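Here come two complexes built around chain A, the first alongside chain B, the second alongside chain C.
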Partner chain A sequence: MQQADARLSTVLEEARSKSKKKKWRNALTILLFVSPALIVYAMYVIYPILATLNYSFYDWNGSSVGTYIGLQNYVQLFSDSIFWTALRNNTWITLTSVFVQIPLGLIMALMLFAPIKGIRLMSSVYFFPFLMSTVAIGLLWIYMFDPINGSINQLINLLGFENVAWLSGENTAIIAVLFVIVWQFAPFYMILFRAAIVGIPEELYEAADIDGANPWHKFSRITLPLLMPTIVSSSILAIVGSLKAFDIFYVMTGGGPNHATELMGTYMFKQAFVNFNMGYASAIAFVMFFIALIVTILIQALDFYRQKKGVFSE
Partner chain B sequence: MKRKFLLLTTFCMMVLAACAPGGGSDSEESNAVSGDGGSGKQVLDFWYIDPGEKEKVYQEAVERFEEKHPDVEVKMLRVANDAYKQKLAVSMSGGNAPDIFNSWGGGWLKQFVDQGQVLDVTESIEKERFNELALDNTTFHDKIYGLPLGLSLDLVFYNKEIFEEYGLTPPETYTEWVEIIETLKENNIIPIALANQTKWPGAYYLMNFAARIGGPDLFNEAFLREGRGFDDPAYVEAGEYIQEMVEMDAFNPGFNGVPYDEGQGRQLLYSGQAAMMDITMSLVNNVRTEAPEFEEKMDFFVFPTVEGGQGSNKAVGASTGPVWSVAADTENPDLATELIQELTSQETAEAYTNRTGSLTAVSGVEPEDEFVNRMYQVAEEATHLQMPYDQTLPPELAELHKDTTQALFGLSITPEEAAEQMEAKAKEVLE
Partner chain C sequence: MKSFSKIPLYFIAAVLLIVSGYPFVYMISTALKTQSEFFEQPFALFTSFNLENFTNVFKLGLTGYFFNSVLVTVIAVGAVVIIGALASYPLSRMKFRFNRVLFLLFISGMMLPIHATLIPIFKLSESMGIYDTLFALIGPYIAFSLPISIFILTQFMREIPKSLEEAAKMDGCTHLGIFRHVIMPMLKPALMAVIIYNAIHLWNEFVFALVLISSPESMTLPLGLQAFRGDFAVNVPGLMAALTLASLPILIVYLFSQEKVVKGLTGGAVKG
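Take a look at the complex of A and B:
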């Protein structure tokens, strides 16, 4: 008996260790499969972030050996009025994207479902701006905004107003570029919303009809709540995109005049590749990264809270 | 088991550690391989910025070079002027510099020289073949880092037809210039076209006024930190002149938002909407490709003098460019050096000056064209050639100079503030 007991216990132990072994083998297998992606991720994402942080502590021109200056770059950055202008401009883009672009995209999407003749054609017309390359759009609008011969000013003239030198004024330049950004990206959100609206079951509207709901009720009680997840993900895309904005500003104004349309991105680029202050540019880059990180965490947290509480969700 | 996991973790970390810093050298190696791989031909990358007839002149020089070296392929890439500086800087710091590249000499080239990115070609060239002043602009620590092909002057171009119509003659002094501006305004013609989004066209006004007021040595004193500085009253006064011109509406509205390369500024001149434009001689090349019919209407004068100023109109704004340099990390330094010599040969220089309406920094090449020859005479008679600040100063100070000048034009800072900012940055950057 005792022998049998002992044998049983060894068998059990073996089995247990086997299952442990199996678990480890599983972990190893998973790790092996993940490792190519992990290595690439570490090389191209984590390492550059850490390297940027490291460079930001140096006074460095990009090729020779830099001198360690501690937090000096950051001290300088926070007293740099151009950087604050840039931060303010990035905030403007973020606000415009979330509160103008997304609602506009939603309205455009809703219009596509309205019983208007020829609206099918509009869906492709609406989408055109998003298909063009940003540089082409930038050049196109530079000509449109031309202070003398531009078509916008010709139109303003027809309406009996004075010409406005859109891209030349320190206050008007940012408005002009923001307008172009809305024009370019609203169609993108339109497509997202259109897809989401198609996904809303028709029965809900039929039931609402039976209950005697008017169109506004149908929109506010059915369409909007069911679009909420799309609105949240659109907002994330819009905010992150706004923080990284660079190209259209670089093409249309180059951050000018007198840094009035400078963004964190364009300012970082100028410091790095025009003024050769790599260390300082790294500090800007790291602050950009930090802001984006905080914002992303905040949005994720809010979304988590929203889903948990079930606000606006079915 | 735990030990295994630990081992695995350490292994992974080692792999990561080995990979991460190796990333850079990996890519460099692969570039080196692709450089002479492929067809088996030696490849030279050559970047330049000039379009039109100048581009053809370079292409012909490259063809002559390739005939001599059938086993070499020259890959030519034209980069737009406004984007060029950044593009080259990015590729330099990424270790992917082209073998032969365009520059303007001066502080911008020196930046790369100081980083050890430019090949010293002193040994392989004959100094006498080049204009001394122009070659000085590519010489640092007594070594030559580039060969200048072009020499450009900064002149005020004007539309002869408009001047004749209103009985105007080219001004000698600022007061005369202001009278012309007033007359043109009364007749609803934009006096001066300015495309200042790119900032350098406006910077010429500051440089010219400063040289007219403070004399031709002012800039060198400030740059070399000997004597007067960037906060000298002459600079403040130059800023005041600029703002006075802006306030009298001498320029097209919205000039600070009009980019130069896209051509809206030149369009004003071609179409007769504007009468004058202070710009480099490269305009002649632009006219020949963009609006050939305008060339016969076009004439020029040297930037006018100001009352009580120390400078005469024999001091002319000038620049060298293109200047051809060889990257230090080229695999074929000899071939590349030979190519830049072909790009500045007598034959190239003659074609360059006669076909593109430009002057050349290669000595003894006199333009056949009468119009260009008059510019040649201006250069010959000049007592001083002022190289543009933004190509002489270190980049950071150069950018500030252009930024503050643009802000002066935009009336958003006072001349005193601009001068103070320049001097403060100069103290920081120029030792």
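Take a look at the complex of A and C:
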């Protein structure tokens, strides 16, 4: 009996060490699979964010040793009127993206389901702007907005208005660039909406037809409510994208004239790589990161809340 | 009456068509004009057919920028596909303690403003002695393509039935074997999406190139175009030729496989 017990315990012991060994092997496998990605990611994403935070406490020109100045960069930043202009312009991009770009994308998507000819041509051409590089788009539109030889002013002249020096006017420059942003990104939302519209069951419209619904009712009672998830996720993409905006402003206006179209991104770039105020630029960069973080957390929290509410209502 | 009611629809369709397409028509038609023709009639479309601008653009170094862009894009996308797929495998198909945290860490990179990493990456590439070479771009390009790639790939990998994996395990397959012979072959559509998405984004990438490259020999296309602007201060047709040539590759790929490109570009956003 005792012998049997002893045998059992050795068997158990063996099994335990085997499963322990297996666990270790498993951990090693996981590590091997994940480590290449993790190393690159740590080196070029995680470390730089922490380093940026660290740099932001220094007065530093990028080459010599910096001087530790605590929160002074941040204090200076919050009283820097250019920074506030930049923040305001970033907000303008966000608002334009959500309230102009996304509705336009929806209209474009709906047009692809309209009972008219030429849908294939439309779906191809509507998507073109999204494929071009932002630099190329910026350069192209600089000439479209040219005060003398630009097509936009040509059109305005035809309509009986005076020429406008779009990109050199402090109030008009931002309008011009925002227009180009809408032009470039509306097709992206068009595609998202198109995919969502395809997914709406045809029966719903057939049923509505039987009830004698008009097109507007069909849109407002069927299409729009069912597109709500897409509208929400598009808005998230638009908000996040707006915080990152840089290329098109850098190319078209460089943040000018007189900082009128400055963004957090362009201002950070100038402070870092034109003026070599690397510490100050790091503070701007970290504020950008922080805002993105807050926005992300807010979106996650809203999503969590929405899901919880969904559970309750079921 | 019925067709009459379609007039507003055709009107909207036409306006959108003109707004979307006209800049391209203008670009190509201007690229085909000589400079004096442009100044005489800046808005006349396709009045001349002059290829001189295109040959000039090549002389000014477009081929070099082009080659650099191809090189960087191919290397970075290739690496992202391998590294990203490897990482996605345990993240989507194995249970372990830090799985969720690790996944969120990677995914949250999608929200990250690149500017928050620019200065340290600039210093890093200087201290590694690769500043102003194409190597400087490859690391950041891989790192910043990982979040979306892992996002797309894990979504697809979760859909692959567990039973296939178990059968392979019975046959004595290791995890690497399962990954190579079971998972990868089933992942083709997802890999396609990852390749297209990243290739287009990296082909057009500007910020890192602007910060990490300064000499013309190492410039990629977007940076080269920006440099052309100085060379072509008043030569609008010349610049338009450069823009046309730089945009052509993606437009051609798009026209040949529209569905794939559209799917790839929205792969991360269109959730199943």
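Annotations for the structure displayed:
FYI, the second predicted complex is superposed on the first by the 264 of 314 C-alpha atoms of A that agree within 3 Å, B and C clash if a C-alpha of one lies under 4 Å from a C-alpha of the other, contacts with A are read in each partner's own complex, and residues count from 1 in each chain.
As a convention for this text, a residue touches a chain if its C-beta (ideal position, glycine included) is under 8 Å from a C-beta of that chain, and two chains touch if they have at least 3 such contacts.
Note that the coordinates shown come from a computational prediction; the quantities given were computed from them, not determined experimentally.
By the touch criterion stated above, A:259 is placed in contact with chain B alone, chain C being left untouched. In the superposition on chain A, contact is made by A:187 with chain C only, not with chain B. In the superposed pair of complexes, A:43 makes contact with chain B and with chain C alike. Of the two partner chains, chain C is the only one that A:195 touches; chain B does not reach it. Look at A:139: by the touch rule set out above, it reaches both chain B and chain C.
Taking chain B and chain C in turn and counting the residues of chain A each one touches, the greater count comes from C. In the superposed model, A:64 makes contact with chain B only, not with chain C.
In the superposed pair of complexes, A:105 makes contact with neither chain B nor chain C.
Of the two partner chains placed around the shared chain by superposition, chain B is the only one that A:28 touches, whereas chain C remains out of contact. Contact with both chain B and chain C is seen for A:269 once the two complexes are overlaid on the shared chain.
The interface of chain A with chain B overlaps its interface with chain C at residues 27, 38, 43-44, 47, 62, 139, 143, 149, 269, 273, 278.
Taken in their complex, chain A has these residues touching chain C: 26-27, 29-30, 33-34, 36-38, 40-41, 43-49, 51-52, 55, 62, 107-108, 111, 114-116, 118, 121-122, 124-136, 139-141, 143-144, 149, 151, 154, 183, 187-188, 191-192, 195, 233-234, 237, 240, 243-244, 246-247, 250-251, 264-265, 268-269, 272-273, 278, 281-282, 284-286, 288-289, 292-293, 295-296.
Partner chain A is touched in their complex by these residues of chain B: 1, 4-5, 8, 12, 15-16, 19-20, 23, 85-86, 89-90, 92-93, 111, 114-117, 190, 197-199, 252-259, 262, 264, 267-268, 273, 395-396, 399, 403, 406-407, 410, 412-413. Taken in their complex, chain A has these residues touching chain B: 20, 24, 27-28, 31, 35, 38-39, 42-44, 47, 61-64, 139, 142-143, 145-149, 163, 165-170, 173, 253-254, 256-259, 269-270, 273-278.
Across the complex, chain C meets chain A through its residues 6, 9-10, 12-13, 16-17, 19-24, 26-27, 30, 38-39, 42-43, 82-84, 86-87, 89-91, 94, 96, 102, 105-106, 108-124, 139-140, 142-144, 146, 150, 174-176, 179, 200, 203-204, 206-207, 210-211, 221-223, 225-226, 229, 236, 239-240, 243, 246-247, 250-251, 254-255, 258, 261-262, 265-266, 269-271.
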